[in-house]
Amino acid sequence: MSTVLGRNNYGKSGVRLVKVTRRPDRHDICDLTVDVALEGDFAAAHTAGDNTGLLATDTMRNTVYALAQGHDDVGDIERFGIRLVEHLLAAGPTVTRAQVRLAAHPWSRLTSGGAADPHAFQRGNGGDRVATVTGDASGVSIEAGIDGLVVLKTTGSGWEGYHRDDYTSLPETDDRIMATELTARWTYGDPASEIGFTASWEAVRAVVLETFGDHYSPSVQFTLHRMGDAVLEARPEVERISFSLPNRHHLLFDLSRFGLENDHEIFQATEEPYGLIEGTVERAPAPGSAADNGVVSASARSGA
Amino acid sequence: MSTVLGRNNYGKSGVRLVKVTRRPDRHDICDLTVDVALEGDFAAAHTAGDNTGLLATDTMRNTVYALAQGHDDVGDIERFGIRLVEHLLAAGPTVTRAQVRLAAHPWSRLTSGGAADPHAFQRGNGGDRVATVTGDASGVSIEAGIDGLVVLKTTGSGWEGYHRDDYTSLPETDDRIMATELTARWTYGDPASEIGFTASWEAVRAVVLETFGDHYSPSVQFTLHRMGDAVLEARPEVERISFSLPNRHHLLFDLSRFGLENDHEIFQATEEPYGLIEGTVERAPAPGSAADNGVVSASARSGA
Amino acid sequence: MSTVLGRNNYGKSGVRLVKVTRRPDRHDICDLTVDVALEGDFAAAHTAGDNTGLLATDTMRNTVYALAQGHDDVGDIERFGIRLVEHLLAAGPTVTRAQVRLAAHPWSRLTSGGAADPHAFQRGNGGDRVATVTGDASGVSIEAGIDGLVVLKTTGSGWEGYHRDDYTSLPETDDRIMATELTARWTYGDPASEIGFTASWEAVRAVVLETFGDHYSPSVQFTLHRMGDAVLEARPEVERISFSLPNRHHLLFDLSRFGLENDHEIFQATEEPYGLIEGTVERAPAPGSAADNGVVSASARSGA
Amino acid sequence: MSTVLGRNNYGKSGVRLVKVTRRPDRHDICDLTVDVALEGDFAAAHTAGDNTGLLATDTMRNTVYALAQGHDDVGDIERFGIRLVEHLLAAGPTVTRAQVRLAAHPWSRLTSGGAADPHAFQRGNGGDRVATVTGDASGVSIEAGIDGLVVLKTTGSGWEGYHRDDYTSLPETDDRIMATELTARWTYGDPASEIGFTASWEAVRAVVLETFGDHYSPSVQFTLHRMGDAVLEARPEVERISFSLPNRHHLLFDLSRFGLENDHEIFQATEEPYGLIEGTVERAPAPGSAADNGVVSASARSGA
């Protein structure tokens, strides 16, 4: 029998870094989880037990902490990720590709005597800022994102006119709760050197939150597309954006059997099963170009 | 052999209730998890398979939803808990004691066009509001609380002068990160009818957050006691308050082996093991009274 | 205002200890999570920032590892717990009470070439062995237990004849799935020095598993009582036993609306909400004794 | 601005199906979690709120339960997955691709009076059996796998001779604990109609478990490759196999500072950070073929 080693990678995951920036008047905090993965020629380790080409994953962990010390703003996770990727590509003797995933967990500053407390924080809301930075000989690519942004609207959402078959039992509705734990990922059309990642991330999240509530939603799909369209319209530096939207169902509880009304007031929140709606919205290619194969929707947002 | 049935109870846990209050100009949302437990004479079910004395736990679930429909403000979970307990004491044919635990999960209103959105929310921070309401023939008792309030301060905390023995290896420090996921529980000295539970809960949390950051902390114990003292000073309706404070250790990462400084900047956040500090602060009994057996600390706070 | 420090304790939780016993022909493994908590006179730390009476929780962690080194069988968690408690009562300068909770996570030995592998294991099933050992000036008390024993029977369980009220909607059934994640806790009547804890624990679990399936169950309460009775009958060293039995509901899925039969074949497993049934079975006190206030059920098991 | 809808899919996740097969002498149980996802022309829903092309995710859930009723052995998850995919491709009016992921959770039969109990089970170990079945106009593809197989060896593992750089601090060792929660995924070279999926799955898991313990491991990479090689050698129907192996580090606890020995006996189990080693082993392409671009290791296993 003859076998080959196929695609492989290794690294360190779950590196928990907290960096405190001690300014004269206040401290800032960045709370990150970092995952590092390397690809390269690691065949000798796999087939002959020869580790000379492998950087220890423990060293990768040390590297995250060491580079954080000399890096000005690790909360700008795209820039810190680029720094890590550049270092890692040079660190391992046979590394050809390095990928770093970073998640920044939000903290909000407490108040003290009515003013902002200089040193005390509580866990924030609004989701993690995440980024994946990947580098090889051809350069570095960046994907930005949001994880764990939990949103809900109590009305302005329905589900009607869908296809029915032998196993369809769900009644139609023009008024339901829509709730999701939003995940978003996007890429930038501009070169990394020209992007203000922190400002862009804040702006994308603001557009997503604003759009989530601003319309009647006939489906999660429609809201997904509308949020994507709104981001692309508002942020010219964004090239495409994808969403993953689990539909956290809230079931109208049947109180009629007890002689009680339930006019969209009393709901049972459920975890399983859940709908899962995923999709990408991207800029249309130039007319007639090779990439011109999508579903054009130039007026999607204005027509909503 | 002769055995007896000892203490027993049964009920329904994890009842997930979301109530939407539809006002003319906006919707409000209450998102609760409710646990119900009953005690009574359930011996026939245990020993003879006779269920005539048992209310189905499914009925308890229905009861939570049904009573929520006719209850004005289920977010005032102490009042809603009292309503549930009163109903449950009368519902089961042999029930002698009913306990309801409620947790309200925070949501914060989104903005839309600069103004508050009438229907859209994101998951909030600041911890769950919780309550345990227990009733029997002698009346109803109430314990209020906070769950999952995650706070951190980047300085103003140390750990020095502690007892050392053969197994002590920890170095002393006068500057560390202090982080915890705070749990608090308190009782009221005033009769339930005279307490504004929602205003009290908001005020207790505000005092806890303010006090957490307002002092140099020589130990988690000291901060626990100071927070308790501050609550009792600020809120005369509170009788005693207990805290459970897991110490989420942030370890200063050793960069000296790489020739780098680490002046309280770079930390490794850890999950396990964790310190766990628990304690109660309560009002001193009248001098000479039977209950006068505590550690008096009249000037604890002013002396900090 | 005058306040007092009430009940308080502190310690280290989540100490993850794996001990390998290297025998000539094979290795054995014990995988424990240990929680330590101390009570004593810690008022000076709480009120004056004086830590001289406090053992660091880091030292408690070190102590668990250090004492494990010199202890023959840490998998006999009751004996190891006694050793830890005795040390801790002497370790802190003001400690008056020490409590250690231990959980042993199961591993099962792999086979190699048809024989038992000397060094390789896979995660086992059948629940954690747990114990809580508490000591003070009056001596040491021990509570043994099982956590996370997930069991299910596909028939031989029903729920009928229960009390109905205005909010009852559940249909009766004489054939349902019964599933639970069983927690048990028991105490011993014999002195600790005379108990073989490991043999007792194995035997109690065997009786519980055997009894779970051996009868038609008209309610979770009935099965709880029958398991308790069976343990007390089989193991004279056990004084009383308590169970906590979440009822993991499996709902018969309604296929009739699609013209299909469902004769107890197709179920939807659910997580929330869940019934929770808790109770204790204990030995009857001598007739006429002060403690004779329970529900006597001498023939409970034979009459099932 | 002009945008296009890019790749998108939707479906139902977390469908919890338990099927009881009621045989004359015993019941069998299959406990599955099923995720369904569809791709197709869903543009009208995204851009115009037109749902006529969408099957409700609630209908997908119903479909899982309904088809389970008429399917002989849902525990053969690859065959049940094929049945679901074939149905779903025909069910939605515009569906072009259907993907079903299935996980079967293990249960082990209890004993009763020394014999196998006909109806009672406890949660098993040894990992979930998982499969992903994907179908479109070109046919059906199948990926089989194992999730959550937790294994550990107490010796026979080391980590030496690795690359060192400025941030390397880890000491070398030729004796450590190796522990992982193994995930495996594999594809079959034979047509689906000729594969006995259940027998193959059992055999692959047995080879993986046997190989995990049978050698000195100089790295997780080496063990990964050796397990893959062994599977391909033993099971000609398997085309390629991938593993994801988190390295659950067990740190030798430093007892020397307390004057105690620790000869590979006392370890601290940790969760974060963890190494993550991933790789694929596949059959070598025919010499000179277009696919001949891998790292050939014909004698990898015999040379270990």
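Residue numbering begins at 1 within each chain, and the chains themselves are lettered A, B, C and D in the order written.
Keep in mind that, in the parts below, a contact is a pair of C-beta atoms (placed from the backbone, for glycine too) under 8 Å apart; a residue touches a chain by one contact, two chains touch by 3 or more.
Note that the structure is predicted; figures quoted are calculated from it, not measured.
Undergrad: Going by average Cα coordinates, which chain is farthest removed from chain A?
TA: When every chain centre is compared against chain A, the largest gap points to C.
Undergrad: Regarding the chain C and chain D pair, does the interface count as same (over half of residue numbers shared) or different (under half shared)?
TA: same
Undergrad: Find the geometric centre of each of chain B and chain D from their Cα atoms only, then give the gap between the two centres in Å, rounded to an integer.
TA: 40
Undergrad: Taking the mean of the CA coordinates per chain, how far is chain C from chain D in Å?
TA: The computed centroid separation for chain C versus chain D comes out at 32 Å.
Undergrad: What is the distance in Å between the mean C-alpha positions of chain A and chain D?
TA: For chain A versus chain D, the centre distance works out to 25 Å.
Undergrad: Using the touch definition from the top, which residues of chain B touch two or more other chains?
TA: 16, 62, 66, 167, 169, 258, 270-272
Undergrad: Looking at the complex, which residues from chain C come into contact with chain A?
TA: Result: residues 166-167, 169, 257-258, 270-272 of chain C touch chain A.
Undergrad: Hey, which residues of chain B end up touching chain C in the complex?
TA: 1-16, 35, 37, 42-43, 45-59, 61-63, 66, 91-93, 159-165, 167-170, 218-222, 224-225, 228-229, 232-233, 240, 242, 246-247, 271-285, 294-298, 300, 303-304
Undergrad: Once bound in the complex, which stretches of chain A touch chain B?
TA: Of all residues in chain A, those touching chain B are 16-22, 27, 29, 31, 62, 65-66, 68-70, 107-108, 110-113, 117, 119-126, 149-156, 177, 209-210, 212-214, 250, 253, 255, 258, 260-270.
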